[in-house]
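Both of the next two complexes hold chain A, though its partner changes from chain B to chain C.
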Partner chain A sequence: MAKRTRSRWRDLPTAVWMLTPSLVILSVFVLYPLGQAIWLGHQRCDSQGDNCRSNGWDQYVDVARSDEFLHALGVTVKFVVLTVPIGLALGVGLAMLADKYLRGIGVFRAVFSSTVATSVAVASLMWLFLLQPDVGVLANVGFIEELFPVVKQPGLVRDPGTALGAVAASSIWANLGFTFILVTAGLQGIPRDLHEAAVVDGAGGVRRFWDVTLPLLGPTLLFVMIALTSRAFQAYGEMDLLTDGGPRPQDSTTTLTYLTYGGDSVINNNDGLQAATAVLLFAVLLVVSIVQLGAIGRRIHYA
Partner chain B sequence: MSRGVGVGVLGVLGVVVAACGSGQSILQAGNEPLPTVATTTTVAGPPVTAAPGETLAPTVPPTVATTTTTPLDTLAPCPVDALDDASGPVEITFWHGLGAQLETVLTDLTQQYNRSQDRVRVRLENQGGYNQTIDKYVQSRQESRPELVMFPEYMVQQIADTESVIPVGACVQASGFDTSAFLPRTLLAYQTNGVQWSMPFNVSVPVLYFNRKAFVAAGVDVDDPPLSIEDVRSYSQAIVDSGAAGVGMAFDSGVDSGGGWFIEQWFAKAGELYADNGNGRLAPATRVLYDGAVGVELMTRVQSMITDGIAVTVGDNASGQDALLKLADQQSPAAMTIATSAALGTIISALDGGLIPGLTSADVGVGPMPGPGGTPSALVGGASLYVVADKGDAEAAAAWDYIQFLVGAETQATWAAGTGYVPVRQDALELEPLASTYRDDPRFKVAYDQLTAAADDLAAVGPVIGPLREVRGVTAGAVAAIFDGADVASSLAGAAAQSNALIADYNARN
Partner chain C sequence: MPGDGTTTYDTPIGWRAVGRYGLLVLVAALVLFPVYTTVVAALKEGNQVLNNPLVPDGFTLRILAKAWDEGNLGRYLLNSGVVAVVITAAQLLTSVLSAYAFAILDFPGRTIMFGVFLATLLVPLEATLVVNRRTVDSLGWINSYQGLTVPFLATAFGTFLLRQVFLTLPRDLRDAAAIDGVGHLGFLRHVAVPLVRPTLGAMAMLSFLSAWNQYLWPNLVTTESDMYTVQSGLKQISEARLDEPNLVMAGTIIAAIPIVVVLLIFQRSLIRGLTSGAVKG
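Showing the complex of A and B:
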């Protein structure tokens, strides 16, 4: 034991030396800016971000309790709850469909994963013009219009009740390729013989999905879920391009990121408050990730 | 940690945060609790030499010198002669936010300028848009900033407060530059307390776009589009009654259109101040005035058109085109809308390209922006040029030399004809290619004609407010609510209170 400890200490200089490159990069590009942001969050600055003075650390508490922050937090949580489960289910579904040994399946895999090559901006603009009520393609299909008048009047992204859902749909679509690729890789990692054994034991397709596929996909799904959750908390482009945080005055799609960075946000030229909301978003995301890892991670079977 | 604990933690966090909601605005975070009575913040600023509402000296084309009340020598000087001492060409960088056709014309003009002389080399840097330019500029240290920069009209006070620019007025004065041919409004838009902060370059104003076929079908005079709010109502009624179009007018509540910018326009047309301290031009504004009787009456009239079904709102105009696209709606099109004059060129080329079946570019009519008062006039929109300070004397002189080229009569004639912007000076109209553009298609001249009306008082030149863009945002929220049927007086009062909080917060920080 003592010998092992001594040899560990002997390795320390080497370890530090080898860690230095990533430590430097991490410090310069992550830790230092994070520290700066936390510091800035208790300050008020002029509109150039200069001449900062402390406004007390209670600024964080007040920001967290303010109407705008709580509203944005609520919108963000709704957005996450809308996008993550649906995105995950659709991604798994598509991956199951494409997990077949058929001629030409590669074409489908390419199509299903194609949204990963679509930037948020392109995806959002595409949806904007699909949903535009006057000339949009989706809004002017006769039967859709009759079934859902809101598509036309006032329009999905213009109605305060449907705007967040419409934005979430665009986000789910854009993230589908990412989920599909990871789940497909996960599926290919499941040994064939387990399925064959299950078939021999008389398990049907549904039973095999729940008892073989899903448990073995656990680690993949956990990763995808955490990634999708943190993406959803940090989604910005969709709101910026589709709704500008609106429709007003309900601000139905003003998420925490839009409140922080949005061009039409009330704190747009107020660096101190922007830093405070960003740090609080970081804190929320940290808690959520710990909970996800702790609560679900334990139950995952790592084969 | 088991799942139960995890869910529990989340739940407790949620309850704690929700229970602790302070009911306060984020702008008050960290501040001492405010007294319950709305405070009017006293602000240290340039000395007030005229009362709000007092006339701004000249009704003839004013020169900067005649309206100067703040001595320019307290501000950064403009070393206009420094170019003579420079050895070799002086290179300057110009940040702008123009894209597509606008950028092409600007690039051509700049190449022409660079070739025409060997003292200055201008390098254009497209920042991707106005907001990107603003963000990059305010976040940069002075040494990373360019020598010349373009900002949209709502930035005057904020840039003045950065103390990072040489007021263009100093250059005008030092070089004896003749501004007598300028449209007075284009210069006045960028003045506070007599200081000319920037040089107008690309000017646009809101105009009325209408479907000529719908006007004809409704039997209203297609050559006499509505000028007042009452006219808009009667035209809309005629259009709906005749079935010529689904609705008369399409309004929007966008920040840089119907929810913000147009409201400022309407106050100017009504001859009413939008903000105190002479629209913020005598001293920094401390509050907005749009929740008074004038604003309530105006917005009530607009609201009644929508509730009566002869006008419609297209919402926040997030795509920037929603109001115009309502004219092309396949089911219930509008016959008119208000949008920036800068859109005319795009509209004509889109319709010529057959984008909208059944609508040709000849069907598009253009009229002055209707509003209170019923006479053609408008506030200057678009962007202007700021000379950045502390970049070296030769560089400042070079920037000024280039500005003089950009706002010269010949350049403006090419610029306006190529882009659809309004020329900043009258003598550009006599020159080609603008002369033939205006002769061949008078629709382009409507925007210009609105700016020739005299700007004879501070109400007519519009507001200058530090957080003007944020004020527009909260105003747009109230406009959207009013369009949806909310109580006009209380909506405007709520937005005004929020705007005043934004202004107080800004003034306390800057």
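Showing the complex of A and C:
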């Protein structure tokens, strides 16, 4: 026992120098800013965002109950609900479609994976050019404009009723490659003899999808769902480039991240309020993560 | 189409394949549609963009060249390249070291320390950036490579990923090396790292992609054109030149090409990386 204790201490100097680089960075740029943000979030600043002073902790309560925060939280949740299920369903559809041994299937797989190469800026600008009402593509193709006047007047990204959907479409498209790659990998992990056994038992294509493919895809789908949910909660570039959180005054696409960091946000330049909003976003994400991780434990049967 | 199952053997293979190919082509066209319109726009002269936006006028690289000249894109690409390479290399180094300490070494406080690392995974980037911008500002790092890279030189996710593979190395391997008088650093460099090379490649691709794709942070800590990354630069171009969408679209294409090439070369590592965990900036 004594010998074992001594050997634990013997590794310590090596462990210290090996851990130091990571520990310094993570402490200074993850742990410290989180603590500091929690502290900053309770400080009241004047309208210019200067002269911040401690004044109890009720600023968190005020922010959490403010119309701006609750509106942004609602927009964020709507954005998540719009993007995650549709993105997942489309990804599964593409993966099923390409999951066949056909000549040239590699080309189609490359196409379906391709949006993984688009950054949020690249994808958003491509979609801005599609949707923008003055110079955009849809607004300048005659028959589309006649069928859907909204593309020109006021424009999909400027109509309060369609703006969030337009941003969501851009985001779903940008994440499609990621979802496709992961679901394809999941499909390839399903043993072929399970399908063959189901065929022998007389199960048709639809039956096999629901009773063989989908259950065995469970862990993959859950993983993708968690990743997409986390991305959707943290999405920022799409709103920044496509709508600037607008259209105003409805603020139809002002999500929590846009409220915190957006150039046109009402709390821009007020570090206290920005920090409070960022901390509340963290709290929301923490709750979501806990719920999702709880689901992993109970629902999923690993093959 | 008849059911996939029992009819497989008596259906003429030709018709099923034709149907499947037709569907594949249609869906592929839909997926590529935004890319197509972007390319078409970049091939049109300025005053022609609003005419027939679905039909290219011809083939010319003139607009691409103009976007390159006027957009400072070379500089943005260089900045993004430097930032992504520095972050990737540093993350590999710091993660290998900390993962090795957690997986192979035994020391007091290991469990608690590992818990601290894992806890940082729960903190979203957005919760830290308000304060990080102040930190970087007070260090005088606004508009610098330090400001763009230093906050991201370590990753708990990479540490976690590499620890998992280091744990699979047989204990005997380390014991044998120790008997031969090989220290931890020697064992790490000559045995452990070469054995986990595929995981390192996967992690490198994830790090590179997320560093290259960072959007919010570069916008917060750069104000000079010469320090913009591709992503923050594209925002500037789009805001300044929306009246010339063909130039903006050409800029977008130029910005996308390098990462497409990188992904094509390293696609195996990318897929392995994506399936081992999900991170994107």
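One rule holds for everything that comes next: the second predicted complex is superposed on the first by the 262 of 303 C-alpha atoms of A that agree within 3 Å, B and C clash if a C-alpha of one lies under 4 Å from a C-alpha of the other, contacts with A are read in each partner's own complex, and residues count from 1 in each chain.
Note that in this section a residue touches a chain if its C-beta (ideal position, glycine included) is under 8 Å from a C-beta of that chain, and two chains touch if they have at least 3 such contacts.
Owing to the predicted nature of the structure, the values given are computational and were not obtained by experimental measurement.
Once chain A is used to superpose the two complexes, chain B occupies space that clashes with chain C.
Of the two partner chains placed by the overlay, only chain C lies in contact with A:S119; chain B stays clear of it. When the two structures are aligned on the shared chain, A:A203 is found in touch with chain C, with no touch to chain B. Measured by the number of chain A residues touched, the leading partner among chain B and chain C is C.
When both complexes are overlaid on chain A, the residue A:Q234 reaches chain C alone and has no touch with chain B.
Of the two partner chains, chain B and chain C are each touched by A:V135.
After overlaying the two complexes on the shared chain, residue contacts for A:W173 are found with chain C alone; chain B is out of touch. For the contact definition in use here, the residues of chain A common to its chain B contact set and its chain C contact set are 128, 132, 135, 140, 241. Interface residues of chain A, counted against chain C in their complex, comprise 7-9, 11-12, 14-15, 18-19, 21-26, 28-34, 36-37, 40, 94, 97-98, 100, 102, 105, 108, 111-112, 114-123, 125-130, 132, 135-137, 140-141, 173, 176, 178, 181-182, 185, 198-199, 202-208, 223-224, 226-227, 230-231, 233-234, 236-237, 240-241, 256-257, 260-261, 271, 274-275, 278-279, 281-282, 285-286, 289. By the touch rule above, chain C contacts chain A in their complex via residues 3-6, 8, 17, 20-21, 23-24, 27-28, 31-32, 34-35, 37-38, 41, 49-51, 53-54, 93-95, 97-98, 100-101, 105-108, 110, 113, 116-117, 120, 122-132, 134-135, 150-156, 159, 184, 212-213, 215-216, 219-220, 230-232, 234-235, 238, 242-243, 245, 248-249, 252, 255-256, 259-260, 263, 270-271, 274-275, 278, 280. If you check the complex, the residues on chain B that touch chain A are 1-7, 9-10, 13, 17-18, 20-31, 131, 138-139, 158, 161-162, 164, 253, 255, 259, 314-316, 318-319, 322, 325-326, 328-331, 333, 356, 466-467, 469-470, 473-474, 476-478, 480-481, 498, 502, 505-506, 508-510. Across the complex, chain A meets chain B through its residues 42, 44-49, 51, 55-56, 58-60, 62-70, 73, 128, 132-135, 140, 152, 154-155, 157-158, 241-244, 246-249, 251, 259, 263-270, 273, 276-277, 287-288, 291-292, 294-296, 298-299.
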